[in-house]
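The following pair of complexes shares a single chain, subunit A, combined with subunit B in the former and subunit C in the latter.
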Partner chain A sequence: MSALRADELEIVEEKDPELNEQQFESRTPWRLAWRRLKKDRVAMVSLGFIVLLILVSLFAPLLTALIGHGPNTQYTTRGLSLSGIPVGPGHNGFLLGTDDQGRDVLSRIIYGSRISLEVGIGATFLALLLGVVVGLFAGYYGGFLDSVLGRFMDILLSFPILLLAIAIVARFGPSLGLLIVVISLFSWPYIGRLVRGQVISLREREFVEAARALGASDLRIMFVEIAPNLVALAVIYATLLIPVNIVLEATLSFLGLGVQPPTASWGNMIAEAQTGDLFTVAWWFLVFPCVALVLTTLAFNLLGDGLRDALDPRYGRSHISPAKRVRRAFRVRRTPPAPEPAEAKA
Partner chain B sequence: MIRLIVRRLLYLVIVLVIITFLTYVVFFAGNPNNLAARFAGRDAGPAEIRDAAIRLGLNHGFWYQYWHYLVGLLHGNFGLDFQNAVPINSEIARAFPVTASLVVGSVILWLLIGIPIGIMSATHPRTVRDRASTTFALTFLSVPSFVLGLLLLLVFYYYLTRAGLSWFPAAGYVPLTQSPVQWLVHMILPWTSLALIQAAIYTRLIRGSLLDVLGEDFIRTARAKGLSRRTVIYKHGVRAALTPVITQLGIDIGTLLAGAFVTEKVFGLTGLGQLALNAIGNEDLPVVAAVVVLAASFIVIMNTVVDILYAVLDPRVRLA
Partner chain C sequence: MTVGPGGVFSRAEGTDEFLLEADDVVKHFPVRGGAFGRSHAAVKAVDGVSFSLRAGETLGLVGESGCGKSTLARLITGLHPVTSGHVRFKGQDITSLQRRQLRPLRRSMQMVFQDPYGSLNPRRRVGSILSDPFSVHEHLSRAEVRRRVQELMARVGLSPEHYNRFPSEFSGGQRQRIGIARALALRPSLIVCDEPVSALDVSIQAQILNLLEDLQAEFMLTYIFIAHDLSVVRHVSNRLAVMYLGKLVETGPTEEIYLNSRHPYTASLLSAVPVADRAFRSERRERIILTGDVPSPVDPPSGCRFHPRCPKAQAVCAVQEPALERKSGDPDGHLTACHFPVVAGEALANASRETAGVTGSGPAEAVHP
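Take a look at the complex of A and B:
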């Protein structure tokens, strides 16, 4: 029996270093997260769709040249029937049909994706910047600064933001830049509040104390020590904020306050389809922009959900057993579920 | 309780001052003379523009006008609109019932849809039912309200009517006092389009909050003393889980009462949202300011109601 045990020990000792080395090399938090994300089929499909969408919007001129129809060209002879009815999908070489002015719906959707992504990603980026900086200061310094900034964010969040956004856009005239600024102005408090909560717990951690003991300045602690721990949180919530902002842009464009025709945006395509009642006989130029919009927001939402699972093991579902999941779900949770960055250490 | 209400009223005053100020700043950031010129009529000369400015009270400085407006507000008077010199109070009195019936109906509908689904998916986590409700929620969370509204119109109005079943009207509003049946028929589609999207949010909210509550000690205690699963879930669990829902409901009702812009536009309902949109298009400052003030008031009032409800629902708040 004792001889047997010695055998086992030998084998284990031979295998172990090699195994550990291999695992050690591949186990950065991001790789772990990526591995978890890869198992999530829904998230991967969404990611694929988003990558495709980005490519489509980048190569919009090339694609429309390949199709042979410009986004704003009115094909009055081929694109409209004799009585002026738009041509249906698949007819006369219009894959998704034409709209009331005989323009190619597909080309317009392709160009509309540029607007949606520009505004969605641009506004989210600005909101992220503002939210992280304000959240860092509020959470790190606490006290008076925190209560002022916190109250300010609360007030912004409880305002009828659509109304104010509409008023601002109406006053200064619609433009793409203003649209991005206005949207980010009203969406940054979401990020700000999350970051603030996270920073409040991070600033008590040992590595911050260590940095302070080494004489690091407040700014250095905030932006060099604490900020990297916020990356996972930022990635998750930015992904979830993009669809919100895309919808906000589409809504403003739909109300006639966003991107102005003839420039195609999904929102104003839908608005144009609604104004003449022509979409009752030609459903396609209403339905296809709607489908594009819904698929895009859905993809971002699903990817965000998947990212949350992948980057934050506490919410994970793909790598724990079903029984454990239920037990975890019913577990006592005393503190509000502030998401923790995935095992990341500064 | 009185302290709470007084504090809320003070808060309301502060918010109103901030928000009306912002509205005024936004509108006066341009040149007030442009505003006057706009309402002086076409081909107006400088003299006519000056007359218009005096008529609209735009000849005074920014602070004077703003102060004047606040004093009017204190008397419950929103002033006259720029466009037709009609009292704004009566315009609001006409628009508010439309918005109110839209909001009240859809709130009832979305709670009826959202709460049961949320409870079901929280009490059966990670099952097929839970996944189905998650799919429902994520789908409707991703659909903008104007898309849903237009698609509902397309299917339930145009296609049904063409098929010979004219059950639903296209758009418009019939007052409840005029014909309750017509009112109901005209409101069904707007209610549905608003309620489905909101129900998605509430499903997620209830699910999360009930899951948290069901993991707490007092639930285990209740189970341990032999109460049935049903009693524990509904009497102990759901009651405690409703607090975040009520907070959200307060905010939502307050915001929507100020005008469900998109739904009102899609279904041609002449509520507060339409009033505000038209006013913004016409640069009719007093009307915009009035709707903004109403919105802020609704939100603060709803928050106060929520705080009082908290105390009723949750003994921990009452005792604290």
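Take a look at the complex of A and C:
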């Protein structure tokens, strides 16, 4: 038996020595994580959806041109019935119907995805930048600096964000850029605190001491030695923070503080749809933006979960069924969950 | 290169300058607690250690876990600030230097760490890890750095093509070679090896020790070799320093200490070294089994720190701390800190039985072959 196996192994090596070398070569942490992620069907479907969404938002003008309906054009004759009721899905060439002003819901959702992704990804990126830098300094130096930065983050987190956002928007007037800044301003402390904790444990590792023994500066240790070890955490957390920020954008737009009409955003589409009671007859122009929002949020959350499992295989969760994971992702989250599974899986 | 009693590692005799001198080095770590985080006690990790080291020597530093070996190593290399005392490297007091001022000295003083899994950054490629010394201390072109790194890898027995791999793709022994290459990169004169082989398989240990030995000859290195494996220390070092609870209890030429250990602690340590071949067991290889645990370094025993566990302890040991000095009949350089040094042929195992009541510890066991 064992002799046979040895033979087989030899044959494999004879056949293709390059192959073996390549397999060994690919054992980098990232490739291992990718291999694990590929096995996760839920995460891969989510990833596919997100990639599709990004493509859709990138090529929004092209798509709407193909559809033939602009996002803000009011099709008063074709898009509304004689009594002013919006046209339902599939009628008159409106795939998802029209809204109360006779605009194409699909085109608006396509353009709305741009806003959602811009704000979601933009605000998360800014938050990530700020959170990682502040967390690095607080965790690495500790002591007084840590106390000051830690208190500051606590104060920010304890602010009622919507109230403050209303105040800021009232002062500066609504704009997309301001929206991104305001959202990132309130989401970076989550990342900051998380990074700080990770840095506190990383700075005691022997490779940091080795760098110190080489005479490396503090900045070099922080950004060359410690930061690469934070990438996994940052990727997971950013993926989980994006849907939170997308929902936040929708919330602010819903309240009229974000993207201003007639520019389409999922938030203000929902807001416009629920004023009045037209949606009791024409459900589609309220439901479809909601569906887009829910699917996007869900996809990011599920991908984040999958990434966590793939990048940190110590907490294997493959035993949890896809259905349960979807249910889990539906739980209301005011704040994104911490990547460290504090809630015991076992 | 002369082959001294310590084996091939000795080359030192003849040089007069001390490469490294430690003078009454003390390191206390404050223990924080209580409502306001004030320190009310201190872990006396290193408590007054003095020794000197000549260029080309290998000093073996041995002692139980927690006796302060690793702390001492970090004090010598300036990784931790000392509480008091002085460390002089090439005549320059490094304890008073700021971190920035210490930087040029780092070139000539390097460290190999114990854990080859922890001492290499898991998220960085080996080539990048090994180019650190150059990017911190020298301004070289990328191609030049790459060439030097590959040269280093080849020198320590790694394949230079593995430049782009991550540490996780190497075995423990290979990783320790990477650690050694990193320490060697800037051609230091002193390398402090903090238990460099204790995490490795025995067969790999020998390879790494041989590598260190070759490198010492090639690059005129001086080693401080920390270990708790006495057979390893005997193999590599030509001088030995035995630590117990933050203090040196005995120091001297390795073979001298192995053959004629004067401190009861050293004697008990050496008696615990297993000897595979019965023929090599001499009569004096009686095992001395110490009773009790190592006392807490927060509150070390009075007088001689070893007295609660010492088979020869008497009343004076609990009161007066013995000085580290040459005992009668010993050659120069063999220093012992003991009021009642062991004399050759003394049966310590029996002594421990007789004095068991005096020391207050439980009865000691003697295991005879």
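In the analysis below, the second predicted complex is superposed on the first by the 294 of 346 C-alpha atoms of A that agree within 3 Å, B and C clash if a C-alpha of one lies under 4 Å from a C-alpha of the other, contacts with A are read in each partner's own complex, and residues count from 1 in each chain.
By our rule, contacts are C-beta pairs under 8 Å (C-beta built on N, C-alpha and C of every residue); 3 or more make two chains touch, one makes a residue touch a chain.
Only a predicted model underlies this, so the values are computations on that prediction, with no experimental measurement involved.
Applying the stated contact rule after C-alpha superposition, one finds that A:213 touches subunit C and leaves subunit B untouched. In the superposed model, A:228 makes contact with subunit C only, not with subunit B.
Touch criterion not met for A:66: it reaches neither subunit B nor subunit C. Of the two partner chains, neither subunit B nor subunit C is touched by A:82. In the superposition on chain A, A:280 makes contact with subunit B only, not with subunit C. Of the two partner chains, subunit B is the only one that A:250 touches; subunit C does not reach it.
In the superposed model, more residues of subunit A are touched by B than by the other of subunit B and subunit C.
By the touch criterion defined above, A:171 lies against subunit B but remains apart from subunit C after alignment on the C-alpha atoms of chain A. Listing the residues of subunit A that touch subunit B in their complex gives 155, 158-160, 162-164, 166-168, 170-172, 243, 247, 250-251, 254-255, 270, 273-274, 279-280, 283, 286-287, 290, 293-294, 297-298, 301-302, 305, 317, 322, 325-326, 329-333, 337.
Taken in their complex, subunit C has these residues touching subunit A: 74, 77, 79, 102-103, 106-107, 110-111, 113-115, 118-124, 132-133, 136-137, 165-166, 168-169, 179, 182. Taken in their complex, subunit B has these residues touching subunit A: 15, 18-19, 22-23, 26-27, 29-30, 125-126, 138-139, 141-147, 150-151, 154, 158, 162, 211-212, 214-217, 251, 254-255, 258-259, 261-262, 265-266, 276-277, 280-281, 283, 288, 291-292, 295-296, 299, 303.
By the touch rule above, subunit A contacts subunit C in their complex via residues 24-25, 27-29, 205-207, 209-216, 220, 224-225, 228-229, 231.
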